[in-house]
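Following this line, the structures themselves.
Each of the next two complexes has chain A plus one other chain: chain B in the first, chain C in the second.
Take a look at the complex of A and B:
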């Protein structure tokens, strides 16, 4: 049987290490792009100040980059250490984008990042700019492959269960590659990373302007961050990845949970702006609703309904009953692969095998499941509505606030009026944590909202864990928490120290 | 497209190539990491040694990351069984590897002696611990690991962390640590100015001697003392990946079966010993450039020796030998292997080309004079 303590600890460890890793990834994505813009201006105008800007922000980029690399190593190996059954069950499909990420993206980023720092005197101006651009390209490509892998967990296309090997196997690589969820996710996530980079530059520059230091560099940095940030923050919201959410049942369930839509409404559905979802009573208190809006956002139409949680649970119940048949047929095939009747039965119900596996949490043999256990399994397909509802709203709220911030910054930059509006500089500085909060909440919505599935409709999360002792996982999770916390202190300390010194205070490259 | 058996064989070769690439590239910066505290005595000397690897360690490390990704994609059962089985050893390895990026980027940011000494220790551990653990892992492959599969085909590991510290595994760890310290020292002798180059050459000579001794003892041990695994009957090399269908007997000395049936393969361990001796001689003669080639040959032939001995096993099981993983019964589907092969054939040459270009741009010795002008761009 599965040890639920190992499940909880492994989930917690994955969530902590992934969320921690993603504190550094978006800043790498965004800052590398901003470095390219600044250095391009240097190459085009030949003005030394743009080179010093590139080097100063590059220094901060490096401190952050180290943490991104360090915490990324954990992610690559954690599937094997803590999610061994998952790795065996879907490695045939899921491993490929991870390996290609190393081959096409991580190599590119990591090989050229050294030259970014050590190549200023060894390369021509254009040569160095190309190196910087390759670092930025590498980090964005890296995100592409990781999101292709992640999108397959949300919407597993191009794969089928093989009864000989007892695992999922690839049937169409192009379907995995061109997964609609992957495309929506990539644009949304990378643009969010660019926003993080832009807010970082904007906030620190505002701090310099407030203190009247490094004014020339800060003014220019703000202008770059304002224009790039405005474009990217608009992209994040307009190209939100909710469009990809209609692709599958679980994604529909995620939308229903985000909107706390307990019952299907006639199209176009109303949008719940505010309320208190009650997971126990299956209802939402104190709702404030805007007619039509949800139907428009979710289906981009006025005639398609958005399915409610009750209807989706009913569908899950049907699929669980079918999954029981699939599981029984598979057990028969395991003993006698030549059993034709079992094979026919399996073929009929194979798409619901994952729903049958959901029952393994409640009963050793799904065929013996009681109606109560089936009911519990059906309702287990509903993620935590209150958490999703609020995380999504805070994320969107921050997204909208950042658009306003960048629009104001853009207006002030165009009119060269930063110094006259100290209230804005203060607002910009205090916005520093906002994009990180939004990015982390975005992952909570995407991944916590994927529960109870590791692979939507295919493999329940609890089943994916390794057969390791709970004590080992407890040891590793404690180790990671302690070690990562210590590194966080050092990282923030170094960043703050370098920022306080500022480009003028650093003797590094001033001639 | 080649048939399933050929694809599996090609992927075994690719895995070997990635391991060799990792040892050749990341091996030298791990080796410098493990030894720079002793080769460099003042802060300036250490900075020069570190600057020899700072621009390239990150790209080098991707050989390791890619190795992990390739095992996931091509041998998912191996990825699942080995990493979950070696849970705490992997945790230790990850912590050691995490120390490196932060160490490199943070060390020079602050001048305080205690700060630098702290990161110097972190980088030393970050170099030595992985170098040692890789060998310990390989040693345990020769011994077999206690694991089997349950009814869901989940890998279940029944040993603990300390079970990995068998004397033979520790000896294998010494082989790999000595090998990578040798490689790193040769690189330092080639890349860094005096007096570090001279000291590095001396360390490299000692490491080469330790390597030869440990490698020979390990070879004798494998011949006489350790049970090798042998598949009974004919192997279905084209069948679906199911590790539960074969019978395996464990016989002392069976790890030499492949060498006995193909005598030409004895060249691999032969070259490993000779090339290490040559590395030692060339270092003494002050020919660091040639020594680097000899050291590289040592690494490649040592990994080949281990691979040939274990072939076709990837991860033998000591508790349930029949369920050990081989290249024929632990691979991905033929489709995935074929697609990944195309990806490797297209992209790996591009990687090699730009890596070569980067090393060319960074050519030249790092001397105490050359680092005095700046505080280091990292």
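Take a look at the complex of A and C:
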């Protein structure tokens, strides 16, 4: 039997390490771009203060970059240790963008990071600016390849199941590369990273201004963060809307769960702003609804319905029945590969094989599944509605709050009034955790919302785990918790020490 | 240069600790004893009906 303890523990380990890793990634993305802006001003104006700003924020970037690398590598190992069946089943496609990321983007980024730190006295001004820009480009390219891999899990295109090798195989690399979900995810995620970097610079600079330290650097840093942050936080909303639209095209169940839309409504659907989704009773209590809004967001029309969970479960039920046929045909082909009838049957139902595999959680042979087991498998395609509903709303709420923060900062920066409004400096400082919370919740919505699938519609998560004892996974989780906790202490200590010293107190670079 | 000796000692100790940690990780997670190769046959056993009916990853 499938050991569900191993499945749950493996998922928990990956979720913990991924969420921890993503504490560092968006700050790397955001800070690298802010460094380019600051250094570009230095190159254009020749004013030393901009160089010192670049060097100071660059030091914080360096600490964060090292942590990001250290925590990212362990995730790739997990595909082999904890997700061996997943790796065999889809490694042919999923592995390609990961390998390209390592060989191109990461090498580019890590090579030029060294030049960024040690090249100040060895390179020309413009030469060093190009290096900084290449670090930022490498960070963004790195994100692009990872998100291409992730987008394929959300919307698997350009691949087909091979009955001989029992795995998905690449049929079109360009389809994987230009997966529309990947493009939407990439711009949304990178813009969110820019927001994280901007809030980080804004908050730390506000702290300096509150304490009357490093005032000139802090004022300029706040002005850069305010303008860049405002543009990016507005972009995040627009690009997030595009990402949501993609999900409504390709992952209708995820969208229905996020919106707690249990039943299909006549178009255009209303948007539930607030409520208490009840997963057991399949209803939402105390709903507060805005007419038309969901229809406009999800379909960009007023005459197309947004399918509700009940209708999507009915669709899943149909696909599971078709998947049973695909599964039976696959079993026949494994025994007699030349069986033409089995081949024809498999080709007819191949797109629903994944749905047939959902039944393996309930019965060894899907062909013998009872109507109750089919019903249970169909309802298993519904992710946790309450979790997705709230995570999404908190994420959006934080996003809107950050737009207000940056708009105020931009207004104050334009009028040189930061020092007169200490309430704003406090608000900016205490906003520091908000973009991280929003970014993490965004990933919870994306990944938890894909369940029960590892690869949407292709491979159920419970079939992807390695055949290892639960105790081994528990041991590795314990190791990760201990090791990552120690890393967190070191990271916070280093960052806090550098920030407390400030640009004036570091003395790392002579002028 | 007195610092060079201390630096060399620290570096040696750090490298030894790192090697020991890597060896332990290899022993726990990557050694042949703990390795379960996954190939087409293993996936077929996991996904397709086998007597007895329940699916096994073994």
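Heads up, the rule we're going with is that the second predicted complex is superposed on the first by the 499 of 511 C-alpha atoms of A that agree within 3 Å, B and C clash if a C-alpha of one lies under 4 Å from a C-alpha of the other, contacts with A are read in each partner's own complex, and residues count from 1 in each chain.
Note that in this section a residue touches a chain if its C-beta (ideal position, glycine included) is under 8 Å from a C-beta of that chain, and two chains touch if they have at least 3 such contacts.
As the structure is a prediction and not an experimental result, all values here were calculated from the model.
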Chain C versus chain B on the shared chain A, clash or fit after superposition: clash
Touching partner for A:386 - first (chain B), second (chain C), both, neither: neither
Which of chain B and chain C A:164 touches, first, second, both or neither: both
Touched partner set for A:363, first chain B, second chain C, both or neither: second
Partner chain(s) touched by A:71 [first = chain B, second = chain C, both, neither]: first
Contacts of A:330 with chain B and chain C, given as first, second, both or neither: second
Partner chain(s) touched by A:130 [first = chain B, second = chain C, both, neither]: neither
Chain B versus chain C as contact partner of A:499, first or second or both or neither: neither
Partner contacting more residues of chain A (chain B vs chain C): B
Part of chain B, among the options 23-31, 41-49 or 167-175, whose backbone runs into chain C after overlay: 41-49
Chain C-contacting residues of chain A that also contact chain B: 81, 84-85, 87-88, 164-167, 463, 466-468, 472, 475-476
Complex contact set, residues of chain C against chain A: 28-30, 34, 36, 38-40, 42-44, 46-50, 52-58
Chain A residues touching chain C - in the complex, by the definition given at the top: 1-3, 81, 84-85, 87-89, 164-167, 327, 330-331, 334, 357, 360, 363-368, 463, 465-468, 472, 475-476
Residues of chain A that touch chain B when the two form their complex: 62-63, 65-67, 69-71, 73-74, 76-77, 79-82, 84-85, 87-88, 91-96, 98-104, 106-108, 110-115, 117-120, 122-123, 162, 164-167, 169-171, 173, 463, 466-468, 472-473, 475-476, 479, 483, 487, 490-491, 494, 497-498, 507-509
Sites on chain B touched by chain A in the complex: 54-59, 61-62, 65-66, 68-70, 72-74, 76-77, 79-84, 87-88, 90-91, 94-95, 97-102, 104-106, 109-110, 150, 152-157, 239-242, 332-333, 335-336, 339-340, 343-344, 347-348, 351, 354-355, 358, 361-362, 374-375, 377-378
